[in-house]
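Common to both upcoming complexes is chain A, partnered first by chain B, then by chain C.
Our next item is the complex of A and B:
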């Protein structure tokens, strides 16, 4: 850290902490799900690419957890690995199991496009450390998005089993994908202070306008759907299983220094 | 049945820093240019070790591997700089320079 974070009043600080937790948990959980492909991706090169992207996401989560830890005086690892499943605040889109390759491609496309919209807004945040981190993350996420788009097109153009599976996955994940833009508890404070330059509702509309023209030729008409109030609190058995996996090493030596 | 991604081979060249020569790094399998770019980036650039990559379809490379053209049977030593022995001339020049400096 080169500069001390600007002074924040307690209400803004708590609201920012909530925002950072949602961002970090999104990146952390998708990173762990996608790392499940290591060793079994469709081809060797893709195995390396998917694993590397998954690592990138966990790297972003780390930077976000560290920023959060600095804000709240906690420990980044403790936040990442020390919570019960119900305390995670990732969007319900990321509660689904890994699924087949088409499901992974569909989810990565839905998430990367949503994340791109969100990061573009955060890169202009009035909270400078967050703006700088968002700008830095965007440099890698641009590539992640290109990769997801390449696969989406590839599967869609196959016109066979792969295209059917992709269409099914997009339709199944669509409602939960909206929840990336679920309203935050103290969002008004963040917007009023310029920490979140655009409300989630507006970011959601921007995202829908952007992805609909790409997804509907692939998956057919997609229903009007809105982010839910509890869109980041709907934990599934699939996530509880993943949580057991991703915390297993940390739990094996609680308090250990790695 | 879906078909496996084609195993088109792409040769990858990398430049470690701006201005360095492009050096052959290895190759990747990919069905098209787009994924070849992604895979080249992952294999030869994900650790920040490359400034630039060139990704070339192997079938776009013109190969010359004919020994008659590249390893002709006659002596070619006169085409190499080493074909001219300048060792003695160099020693004489050094001695002369040393003598002049000592004067």
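Our next item is the complex of A and C:
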């Protein structure tokens, strides 16, 4: 980071740290799930695309963990790889296993649209380093969004098995997708200080209004659903398995210099 | 001209000869990833604007810039910056020509307006000019390529696959 973080009072700093951790963990975990498609995607072009998207997401996570590390005086790698599964704060949407291609497309669409709404707000954050990084990430995420929308349409228009699987996946993931907008512990502080320009509740409403007209023709009526208070603390066995995988190299050489 | 001005000019000249690690045909200056250079005594602070946040070449670039500065007798502090965010519009005219000569289509200019205005245009109008024959009769095979910053196209006229430095 170039700009020394502006002086923050301890309450704002802790609240910002929590926000950065949730953003970083979201990008980190979806990046690792998507990287599982490398080598086994349904077609060569998708092998390239999902690998590239996964690399983008993990790169975003790196920048966010580094910003967090600077704020708290920790080490970015230690935050990324050194925690127990229960200490991660990604949304429950990202606790599901990779699943089949339709499940991946459904999750990518749900996550990318939610992330786009969130990043648009953060690009106007009063915390300048975060606003700058969000603006940069948005340019890259545009490609992810385009990819997710193209695949959603492609599977939905296919009829038959692919469309059925997509509809099932959207219905199954819909409740947990709301949790991308789970309220943060000290959210009112972030909103009052302009770090989070729009409350999560309002961002959630914006996202639902945006995706419902696209998803209901694909998946049927979707229930009114709200983000849960513990929407970022619901760790699954699927994530515990992924955590074992993604930390395996770091654990095998604890303290090693790479 | 102050002494610092002279040092900074030498730094820019040196960096203009430092190739990008992933696409060596273009220098880091022509690629637009050098945000600023500020010299003070024998120290120089250089802001590096990554093309993509997750670019794995960032560390290599920091190291290579540091080495070049060392050769000039300068102690370099190479910091990653997103202010301003790197955009493909930062590639210089010379850089665009260097890309074309080495088989990369230079990125089209960014559309005006907010970043998300890009979405529809990208979907509807993914134009790239074939670096081999100059045809605009090309199709995008994949907006994702062998590195984060490259997309894959096909020229319908000369039948060559080619890569475009992604517009971002």
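Quick note on the criterion: the second predicted complex is superposed on the first by the 258 of 258 C-alpha atoms of A that agree within 3 Å, B and C clash if a C-alpha of one lies under 4 Å from a C-alpha of the other, contacts with A are read in each partner's own complex, and residues count from 1 in each chain.
As a working rule, a residue touches a chain if its C-beta (ideal position, glycine included) is under 8 Å from a C-beta of that chain, and two chains touch if they have at least 3 such contacts.
The model shown is predicted, which means the values in this text are computed figures rather than measured ones.
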So, after the overlay on chain A, do chain B and chain C clash or fit? They clash
Discussion item. Output check: A:52 vs chain B and chain C. Expected answer is one of first, second, both, neither. What do you get?
Written reply: both
Touch test for A:138: chain B only (first), chain C only (second), both, or neither? second
Request  = Scan A:162 for contacts with chain B and chain C and give back first, second, both or neither.
outcome  = first
Ask   = Who does A:250 touch here: chain B (first), chain C (second), both, or neither?
value = neither
| said: Just checking: does A:185 make contact with chain B only, chain C only, both, or neither of them? Give me first, second, both or neither. | reply: neither
In this superposition, the partner of chain A with more touched residues, chain B or chain C, is C
Once the shared chain is lined up, is A:63 touching chain B (first), chain C (second), both, or neither of them? second
Could you tell me if A:43 is touching chain B, chain C, both of them or neither one (first, second, both, neither)? first
Applying the touch criterion given at the start, work out whether A:150 contacts chain B, chain C, both or neither, answering first, second, both or neither. both
Which of 38-46, 74-82 or 128-136 hits chain B? In chain C, it is stretch 128-136
Where chain B and chain C land on the same part of chain A: residues 45, 48-49, 52, 143, 146-147, 150
The residues of chain B that touch chain A in their complex are 1-2, 4-5, 28-31, 34-35, 38-39, 41-43, 46
The answer for chain A against chain B in the complex is residues 42-46, 48-49, 52, 143, 146-147, 150, 154, 158, 160-162
Per the touch rule, the chain A residues reaching chain C in their complex are 1-3, 45, 48-49, 51-53, 55-60, 62-63, 116, 120, 128-129, 132-133, 135-140, 142-143, 145-147, 149-150
Counting only contacts in the complex, chain C reaches chain A at residues 35, 47, 52-56, 79-83, 85-87, 115-116, 118-119, 122-123, 141-146, 148, 152, 166, 168
